[in-house]
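The first chain written gets the first letter, and so on, giving A, B, C and D; residue counts start at 1 in each chain.
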């Protein structure tokens, strides 16, 4: 079952590697050698592992089927999955509840650490594209602040340094600050954040709570570009940023947009890891 | 005198650093503290060094004045420059001839080696933006061929490696191939080019003659992206590339487009170098 | 109180930054402006925080005092520390037991994550020195396997890549393998280790259990250099490695040997972090 | 014919690749499958290209034969080489004169640009080993000045940055300073050298004339390490450096010492380039 362009690419790769793939709800795609099933029950006859949409559902009622011709209800899917394994992305907690009652094993592939790491690479590249596009300066030689030293912070800092930027990273924990130093970036403890904010050409946030609040935004120069990569609520007070006329971009879901083929490859590798774990 | 956005930024920077700047033909810009002159003779009263447009002229008749309200003839400029120094970009050889008769010193700033090197940084970033934008894959982990190991080839390869690409560089000279190896890229002698062409996700050319001709293009996969950075005639047979339905982008004049502020800074630094040389 | 050269350097740095430092057991050092105390009780009058040797004791009876003229018993120290804080390195568990009875707060500074990270930088440099010294080849262009992707594995791989080596990293967890890929090294799952072992010019182990056992060592070429950075029992069967006449170096405690001044700086920064935590 | 350990390694590699190798003057080496000749005339029967010692001669009278049992006069060699090609290293100009009279083609392989570039990699690694060994600090985070931006300066700076050093490069030409900036090091024009000298933990010279003279050395801190890589007369006033008690190391001929196997590989590649040029 489907999702966005990544799913199509993924199906192509699996087929190419000799995996037998059966599909439902991908009618509009140009996928050729796949075995298209007419109904979910038919699909289930062939498969013990069902790969659902990534993300699974946007409305909590039907699953995401951008390449399908008709709506597919979540209940319709779950009713046919007893004893099987459902792998999909961004699965809400209520699905887990229903699934456990029906003896369905549910795996949210986007929660797999290895996929999150690999997706961070695509997110970093998408961010770099935005940074080149939306500034009048080179990345090379710019002063760039990365807020948060998690997966995206680590990989993005590494790439920005690879482009010749002067990279500073904000973090809270002493051990993270030690890592920042060890990798050759300037460590900025959160306690020193405010006084440093006016030094940066670009500020990139990865922390999902409002860290650039009214008070902190006063320190940001109005020729600074702010890119927020954090999911809701983000890390930037969006009202305030407008008032200060600071250029601000809230960039979400970059991997699927920037590099659907690579992203599909990463999903494939993660799938294989899951298969190995199921079989061992 | 003017040119594109870089010239406005340049004037702002010079003023900020305390240089007395007089202008003519920048009426439409928002430049404030500059001393706007009403005529070229008036301008000449104040200045021994005249910074003309970059590039100087597109039509061989008038100089480029995108921020000016009226046309300015080349002859009008040269008639007033006796004994002075004219610095501009992409100056045609006939201008040099006229200038030498009138005892005008002409310096083409775009021919300065240090500016060409620094501009290559901006070109490289613009190229990276295109590469991220126009492919479905990450740069990270991609196989990328850079053809030519001159200024742009060197800097671009360094940045692509900094992003995690597998970089191969094509060159002709053994010493260039040694440098390519020393910097950690895969050296591809031109004699081995053809047999390697089908390995690459992205091919970037920097050599200004048709190296990807009909014969070579047959080896290129049709999911490869080709970016040509070489000025006319470029390095790619554009008829053939279309026939093979290979994605092809001919990207010229990136520095002014991608990073006008940095580009203006580089021009400023080069100007200061020129001033130092004139005064020593 | 003392330890190795790092402690002398540390005392110098603290004094230079205006910290009032009192010492005992450093008689043989050339330390000048320190307030040397005649006895431990005298020392305790002046200080609430006592910095002991790093490492604290080698024999479980006296503390390490390479710069002192007489032996100092552990019991003698602990008897005078009631209500105070003792910071030292590699403190054995029985010390904690005694200390808790006497209301002494004990902090093992070598267990601080930030210090461990920073020390890994020094360990990596020491390893690189050994690798250059003990091979007939360049690091640049060599195939190097790093086993284990913890602190030392991460930092060492980064530096080896910075020197132009082809870096492969062995790990067990899928998420570590993803990080290895994201940082641009070749990931080698432990399940594929054996079949890859004969490809490497240098193998560096960071995992403290015998991973290069009899069986695995058979695959290692006898012109390979093996460096083991893991503390007892190390990661290499030392009997077998001799039999195969493979060059083998077991390198321990590199930070203090390779870079005592930097190492002292790292200890100082960690001390300040501890002080901040105590005071907040 | 012979030279140092590199020549033995080189012969081994050539044999392994199927080249028919005849030798004279390598009696003491453990080289097996080589065809050992009893005399120079016998050697000449088999070969049109003679690879002599690298370097060719230390005394101007006999060639260097550390692996040979008897002395071999230069004249003896040249008398037998009519119509042939002699490839060796560091050949003095008088040899060229004699050779041209005897119709011998002489090629000094150490003057080949590609070999000089590749050898610079080995020199850089040897320098890094010295820097780690002779300082009490990490390279990572140190302030290092590289004087001269030729082959060694370029490659060494790249590696030092790869280890996390703060790299500054001194140069004279504006275009070199632009390259230094483009590669992400701090450019120091020679005119600003003196005022910057006291900032560095390590100073590495690659320029073969006394640049660190009495006057400049006064600015260098006495805890700075100076490494001189320049051949005679070097770049450092050696009398003065002693007076100031600055740690100073004059490191020459590193490639053969640090990495004889890699160095032999580089010579082999260069030889093949020469063969190709002779045959085309």
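In this section, contacts are C-beta pairs under 8 Å (C-beta built on N, C-alpha and C of every residue); 3 or more make two chains touch, one makes a residue touch a chain.
Model, not experiment: these values are computed from the prediction.
Novice: Of the pairs C-D and A-C, which shows more C-beta pairs in contact?
Specialist: If we tally the C-beta pairs in contact for C-D and A-C, the bigger total goes to C-D.
Novice: Hey, which chain ends up farthest from chain D, C-alpha centres compared?
Specialist: A
Novice: Calculate how many whole Å lie between the centre of chain B and the centre of chain C, each centre taken as the average of the chain's C-alpha atoms.
Specialist: 50
Novice: Would you mind pulling out the distance in Å between where the CA atoms of chain A average out and where those of chain C do?
Specialist: Centre-to-centre distance between chain A and chain C: 37 Å.
Novice: For chain B, write out the residues touching at least two other chains, lowest number first.
Specialist: Where chain B meets two or more other chains at a single residue, that happens at 121, 140-141, 164, 181-182.
Novice: Where on chain B is chain C touching in the complex?
Specialist: Interface residues on the chain B side: 140-141, 164, 181-182, 184.
Novice: Flag every residue of chain C that touches chain D in the complex, lowest number first.
Specialist: Residues of chain C touching chain D: 9, 121-122, 124-126, 128-129, 132-133, 135-141, 159, 161-164, 258-262.
Novice: In the complex formed with chain A, which residues of chain C make contact?
Specialist: Where chain C meets chain A, its residues are 112-115, 117-118, 120-121, 155, 158, 174-175, 177-179, 181-183, 270, 273.
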